[in-house]
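Going in written order, the chains are labelled A, B and C, and every chain counts its residues from 1.
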Amino acid sequence: MVRVEVIDNVLAPSPSRIIKIEKMTEIERLFHVKFLSRDLVERFVYRPGQFVEVGVTGVGEAPISICSWREEPEILELCIRRVGRVTNAIHRLKEGDLLWIRGPYGNGFPMEEMEGSNLLLIAGGLGVAPLRAVLQYALKNRERYGEITVFYGFKSYELMLFREEFLYLFREGDEQKLRLYLSYEDQNDEKCKRLAEERGERIVQGVVTKLFEKTEISPENTYAIICGPPIMYKFVVKELIKRNFKPWQIYLTLERRMRCGIGKCGHCIVGEGNSIKYVCKDGPVFTYWDALNTKGMI
Amino acid sequence: MERPKIGVFSLTGCGGDQLMILNLEDVLLDLLSYFDIKDFQEISSFKEDSDLDIAFVEGSVSTKQDLRKLKEIRARCKMLIAIGNCAISGGIQAMKNGQMEILERMKRVYGIEEDIYGVLEPKGLSAYVKVDLEIPGCPIEKEETLRAITSILHGDMPDQFDYPVCVECKLKEYPCVLIEKNLPCLGPIIVAGCGARCPGLGLPCIGCRGPIKEEANAAAELEVLLSKGYDEEHIVNLMRIFCANFGEIKKITEIIRRRSGKGRQE
Amino acid sequence: MMYLKLPREDFDAFFKNLQEYGKIYGPVKAGSSAYNFKEVTTLDEMDLSYNRTIVPPKKFFVGLKEKIFEFDEKRAEFREVIEDDPRKVIFGIHSCDIHALKLLDKIYLEDMADKYYLERRRNAILIGIDCHPDEHCFCKSMGTSYATDGFDLFLHEISDGFFVRVGSMKGHEIVAKNKGLFDPVGSEDIEEFKRSQKKRLDEFKLELNLSGLQDMLELAHNSQIWDEYAEKCLGCGTCNLVCPTCRCYDVIDFVNLDITTGERVRRWDSCMLRRHGLVAGGLNFRPTRVERLRNRFNCKGSLLEGMLNCVGCGRCTVYCPAGIDYVEVLRKIAGD
């Protein structure tokens, strides 16, 4: 039989160089990576909320959301927490080493659909990573969006990711018509207390939902976008529903064991009966309406 | 890179797990060349008392002397790897744990009701010290052991089997001996990694690799075997050959003991 | 559809001539009552009256456990591993398994096609054969007891040979190349084919009512039924591994002894296993057998573009070591 067609192997990863590693906390590092192949650099088009499968040979792959939206699109930023076998292996790598990347995968956030609306971003812990891409996108295209409000909750000053960037926005964000609110859990965190002395109206001690007490949030022409640990969703959604947000005005992005990233390996299946979804392909971004109709999603 | 310093040690056991490492004949010299071997009784009488990067320990802790030796090894090494069922859970010699006093066992085996060896109830290493990795089997599987070592040399902890023998049995397309032949196969509760060797030969799994920890549904296995006509005592003895010290099997023993009303000492 | 007759005396010659299309795999007895698809070189190695194989023919397209890549860290290489000659003839596949492959095609070929699957699928020839249901077959209820497409040739046994349906271009090529072996169908053959199909339909004993099944499953979320069966369930994964529509796979990397080269392997997986719902850091989205069992039944009972993820082959019931009856569970869920 004559082969007439060369088929791409969608499971084949592409080598990419780690050009910079920034230590963010004891367990989280920011990796700046760039594809070796020029061709791929040009073809790689992604949107905020999408993820890549990041692999280390001999260990395996892990789904990691892209946390940047940069001027130089060829450089991807990946904030990686050392938590499993693959991410431990990634943390052992040094600048100049290779990572094997596939993607981008998933639907990402509907940035076009949200144009002309206000954005309320609510992030908890590592959940700030994908929302940072949304934020960078929105700030680059500032004129397309209305008011931007960000709630960012973390455990302590030391565990705050992208600290410098967010502290800058905490202080100077208003110039870009961005209101950033912070919440920290550690009652004895002196550095956060100092931030509270500096700008008490924008920071609170407690969980991220406490920030709803800090400001009036109107559902009028607003989309809420949430990302955080699984436990956070129910509480945040409750606050939003209380403020008359409709289920389709609320976007969530989910974490699952996405082995293949392309809707085949089955590990990320959620739902029951009428609604079974692949988080990797149908998501990872879902509306709260989807969550209401898909059991076990949040 | 400096070669990792290793030691391979035996407590109470048959030496079969060390032997399985030596049985990696095709790759043995290449494999050992990665290491600076400080102690490996089955290879050489050479011993050097030094710190170790990795200690491989086979055999159960069955005597006070074993325990002393184990604590010394643990203090010397950065990573402790338990190799084989004895080192993980006490092995076959733990079969009567909780069912028969040590002195009674001495009497049955040696004919004297006296503890002449400083005997402890046989247990695995993790009952006494921190264990970094357990490689199951009686004996360990060559392939699995090699994979684990290459993973460690690569810098990672190996991805371990945590699913039952049935998975491998199906992947090899073997007919189910439990269903087809009504044999008392323990495959559904025993951790994979052996390639379903026994069912592949038409024999039931006898559980040498131990149950899947905190997962195996031994109570359901018991019900299945009862429905095949095996009696309770037979089933529980079968499960206890290799697995008596695992929580799942202890529970089964307890259920049966209560059901049969036999007041065996526990 | 093109219809032909393969007289019994030509059957052997037809089988032999198929060898030019690749190795032939057919149903071979594997135990006292089990069968597997194995490589065969003669007709009599096969038992064409088999009920079902242990593992479904999915194995020809997604390997049970197969190396998919090799890597070399020093040279920064990542090479795909695909067999040079993926041609195969799968002889004697049943209608339910053909329907299952159609479903797998949707998953593996539409949208980001899996290269391994695609290469093998388009190089494989499927020769279907009629079967007779046993007490565990419920394909009639699932609408999969008869294949209208998805095969190259389909053989229906009649008194003096086979009534053959030609289902594809490839099938057409085969019969064209072997035209001396085939006869046109006569009116008696047609009558006999019709009678045999009618008789076959009457043989089905097991039925499952599918009406509203998806709602019944959702409504049963908190049902005691799941607890009851989770207590019996051994969590061994057999039901998934023998299922022709299950397609979960896991991927594992291995390093060779040189510590710089190695391979990436994929293996069939099961949602009944603990690690299926586990994410890094130890959080498990389906921590107990109750959740896993419920998830499996929901996944089977859900619709994929109108197709159920079950073809009624009965394997999961037949091979469950705990004796859990799939149809019985769904009947309880539906309150039948």
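Annotations for the structure displayed:
Here is the rule we use: a residue touches a chain if its C-beta (ideal position, glycine included) is under 8 Å from a C-beta of that chain, and two chains touch if they have at least 3 such contacts.
Because the structure is a prediction, the values reported are computed rather than measured.
Steps from chain B to chain C, taking the shortest chain of touch contacts, total 1. Looking at A-C alongside A-B, one finds more C-beta pairs in contact between the chains of A-C. Most remote chain with respect to chain B, judged by CA-atom centres, is A. The most centrally placed chain, judged by C-alpha centroids, is C. If you average the CA atoms of chain B and of chain C, the two centres end up 37 Å from each other. Chain geometry summary: the mean Cα position of chain A and that of chain C are 39 Å apart. Per-chain Cα centroids separate chain A from chain B by 44 Å.
Annotation for chain A: residues 58-60, 85 touch two or more other chains.
Among the residues of chain B, those touching two or more other chains are numbered 151, 154, 159.
Each of residues 252, 254-255, 262 in chain C touches at least two other chains. Listing the residues of chain B that touch chain C in their complex gives 27, 30-31, 34, 146-147, 150-151, 153-154, 159, 162-164, 166-167, 170-176, 178-181, 185, 187-189, 212, 215-217, 219-221, 223-224, 227. Note for the complex: chain B touches chain A at residues 151, 154-157, 159.
Taken together, the chain C residues at the contact with chain B in this complex read 30-34, 36, 54-55, 59, 64-65, 231-238, 241-242, 252, 254-257, 259, 262, 267-268, 270, 273-275, 289, 318-319, 321-323. Those residues of chain A that touch chain B in the shared complex are 58-60, 85, 88-89, 92.
By the touch criterion stated above, chain C contacts chain A in their complex at residues 68-69, 71, 73, 76, 78, 80, 87, 107-108, 111-115, 118-119, 123, 213-219, 221, 246-255, 262, 264, 269, 271, 276-281, 283, 285, 294-295, 298-299, 301-304.
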